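When the chains are written out, they are named A, B, C and D in that same order, and each has its own residue count from 1.
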Amino acid sequence: MEAKKIYLDYAATTPVDPEVVEAMIQCLGPDGDYANSSSSHFFGKSAKVHIDTARGQIAARIGAEVDSICFTSGATESDNMALIGTMNANQHRGRHLITSTLEHKAVLDTAYALKDQGFEITFVDHDEHGVISTQQLATAIRNDTVLVSIMHVNNETGVLQDLAALGELCQERGVLFHVDAAQSVGKVPLNVADFSVDLVSLTAHKAYGPMGIGALYIRKGMKIAPMIYGGEQEWGYRSGTLATHQIAGFGKAFALADPDQEGPLLAARRDQLWAGLKVIEGVSLNGHATKRSPHILNVTFAGVEGESLRTSLADVAISAGSACNSDVPDPSHVLRGMGLSDALASSSLRFSVGRFTTESDIDYVLKRVREEVLRLRELASGAPEWTVS
Amino acid sequence: MDYESEVKQRFLSPNRVKSFEEGIAGVVSGESSDRTLNVWVRFQVQVINGLIRTIRFNVYGCPYTVAAVDWAAEWLEGRETGALLDLGMIDRRKELGVPVDRLGKLLLIEDAAAACQKKLERLTTQDGN
Amino acid sequence: MEAKKIYLDYAATTPVDPEVVEAMIQCLGPDGDYANSSSSHFFGKSAKVHIDTARGQIAARIGAEVDSICFTSGATESDNMALIGTMNANQHRGRHLITSTLEHKAVLDTAYALKDQGFEITFVDHDEHGVISTQQLATAIRNDTVLVSIMHVNNETGVLQDLAALGELCQERGVLFHVDAAQSVGKVPLNVADFSVDLVSLTAHKAYGPMGIGALYIRKGMKIAPMIYGGEQEWGYRSGTLATHQIAGFGKAFALADPDQEGPLLAARRDQLWAGLKVIEGVSLNGHATKRSPHILNVTFAGVEGESLRTSLADVAISAGSACNSDVPDPSHVLRGMGLSDALASSSLRFSVGRFTTESDIDYVLKRVREEVLRLRELASGAPEWTVS
Amino acid sequence: MDYESEVKQRFLSPNRVKSFEEGIAGVVSGESSDRTLNVWVRFQVQVINGLIRTIRFNVYGCPYTVAAVDWAAEWLEGRETGALLDLGMIDRRKELGVPVDRLGKLLLIEDAAAACQKKLERLTTQDGN
């Protein structure tokens, strides 16, 4: 008997939309447009059409000019390139980088690597919901600040930053602005024409596109050093044979990813989930009640050990925080950064809904969560105060 | 995580969880906890004629910890109280398939058992007075 | 009327084998194993099975230990990581790098970038066929040499280096050895247990796998700095969500890529092609007559301008050299490095055959090449000496 | 490369390629070449009564160069010999859809035509003697 299994980990990755799979397959086998798009023969030209179409689709989705989209292997590489490339290319301006402790590891660990190389890092403050104010950012900016890197949608809590206000401040202060928007596309509107931004990290696989392909939006006129050298693809910013099928899928996925259409559907599922969870005793929401993306719900179950809860819910794919490379994740740096104790941080779960989540999926998950929370609370009855606060 | 099937089984359906009502004769409880390890363990043992007749536990911790407590309770039941100092979790870890980085959590189980033993000793001493 | 079109540019990229496409599709849509393989839930575990299988297939193909295969976005990234990561991590040993002018741009441009950062580069000599001897390498090695980077199969000429001899020398002299083997797999045997090597760059898309995925073989115990930071995937060497479908396809492609079986078939097509070409006047072979891979044939057509020849052969996908990012390639640095004049280098074509090349494809191509060479020679009749020597 | 259809057409089927037999009356030839540009161009013009009656060419070069030479030959035929100095390739480049980085190659066509004109002048001078 195959047990029921529900996927609520869309923030870790999404299945590839069947229409996207179709677009990818067109660029594969011997009858597809499989050639190297850099080749000047007709096979190459046919492949290039897919690249050009996709670049247009991606640019259109974020309101960018077509030739400001530089393909990479994903948001991790985009983040690295944004930080390392910008800091290295702008040393005449200074060596100071601002980011926040709420960022994804692709930004945080890169910032630490830059620090090892002699750059200076400031972590900007945020409030208890994980929101960064312009006042807080203003305090962190120095005369030698080169770049501010702040994510759009937090991948653990779904908290949404006010990019317009932060971008305006950066522009006023003559500081470059990078936004990690890996979680945004298809969930919340993101238009680079609406605010002042220099670099935006994108990835396909969080928006029903394939894993292993992403892009860095590079505003025209930006100065950024390449990180990977070679055939000078992508205007020399990023060498390496362009992966036609990946890019075609990326383009198709972004063409389909309309937040105006999908956002409300996601919000409905998330709200259904929260309505069922919040009536359980000792359950609290992490993040901000309104400044948030519709696809993520991060919840603390006081008095319930997190690994045990996830293990009990073996039929529900959820996450302790970001999909990380360890079976025993450390308590989330994001939640601790928002003031939760280690115990409460590790008693927290990230639920993330997506295109294929149904109302009955949520009903099932609610039933299972209630069962297991009660079971584990009974098991832990008598546990000390620190497990619940 | 890929838990060994014994760990999984014990974690998902632990026996001996329901606590004793208060005031039952011969029941002592002992607990231990470590906030950094995110573990709390409590045993309640009912001792009759120097033998552990019944044991109950509660635990807040990871699945390995829960499974190991469940094993420990089962192992203790029916033994002489001296066994409370003889859980030997260091040796037992591998058999249960618990990764070595969880050993600290397992040792807290020994502490909780030892706390029971201490209470029993005090009881015995009081009785002897 | 759709004209006949023949693809003889397998060295630029290969179509993805239908069996590989199948393996990839299993990891895509909503019913596939699409999850993030770093996730600890069952969906993640199912994805991880594909990763583990593929890592095993790739390791087996080159005789490596499974955990010495580090996934990257392709050979370009692998080459960058090998050079930059090794030079940065071994500065206590020295700052000297040896490579050759025959390398792919992914190595050459990276070497130049390292030079800009203060490292020293020596280009080792080679003979007129493009073969590097141990004597030549021995001359280049210094006390402060950290790394030697030499490719296995040259992507323009197919010339094969004697890795066993070069590797032995590197080992004797205590120098690390990197091999760019992007063109090797499935064409010539490559077994890291057979010779002394520390790093090997691999890519899927030259061996009927997908574009945008590759690997760096990193010998156990090697010290190499990461280039991309983040979630610490791949033992921290290379962060970023692993692209399950890409890796599954990569593994399948390498499992299928048996040089013992395919090499002779490729050689037969190449020899058929050469037999037909060499009878044309003024045609000469570039590279080495025997030390070569079976899939590449690089030929000079004296007195025929290369771009015109390629344009005339619009129905045959061939290349001026490497697939490059420009419609007007500079004369090949490899051929010039082998002593050809600019004119002769630009009168050269790279034909590369593959799994789907048939005998009648070659017959057709021979007919067409003869026609066009004669036509262009007539057009250029009376041209000066420098166009033919 | 995506050649404009005129370039493609002229490159694939150039007219006026077959050279004159030697010793035909009134035929002069002029050529130019540049090794770094990888181009060589030769015109043969047959002039009768100050008019270019027939023109032939040979060329070693890229498709744009071939196409431009073909255009130039067609344009010259029937004109007065002064036209040999009036090819105006700078203006013509865009109309043919030749990228600006090929302009150097196109200017060699003017040089070859000018070389013909020079020969013609010399002939005329000789005749006048």
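Here, a contact is a pair of C-beta atoms (placed from the backbone, for glycine too) under 8 Å apart; a residue touches a chain by one contact, two chains touch by 3 or more.
As the structure is a prediction and not an experimental result, all values here were calculated from the model.
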I'd like to verify one number: the distance from the centre of chain C to the centre of chain D, where each centre is the average of its C-alpha atoms, in whole angstrom. 43
Distance between chain B and chain D based on Cα centroids, please, to the nearest Å. 100
CA centroid of chain B to CA centroid of chain C, Å: 61
Where chain B touches two or more other chains, by residue: 1
What are the residue numbers in chain A that touch two or more other chains? 40, 327
Connecting every touching chain pair, does the picture come out as line, ring, star, complete or other? line
Pairs of chains that touch, anyone? A-B, A-C, C-D
Listed in rising order, chain C residues that touch chain A in their complex are 5, 7, 9, 12-18, 21, 24-25, 28-30, 32, 34-36, 38-44, 72-74, 76-77, 79-80, 104-106, 109-110, 112-113, 203, 205, 210-213, 226-233, 239-246, 310, 314, 316-319, 322-325, 327, 356
Can you list the chain A residues touching chain B in their complex? 303, 305, 307-308, 311-312, 327-328, 342-343, 346, 378-384, 386-387
Give the list of chain D residues in touch with chain C in this complex. 1, 3, 11-12, 14, 17, 19, 31, 33, 35-36, 38, 40, 42, 58-63, 66, 101
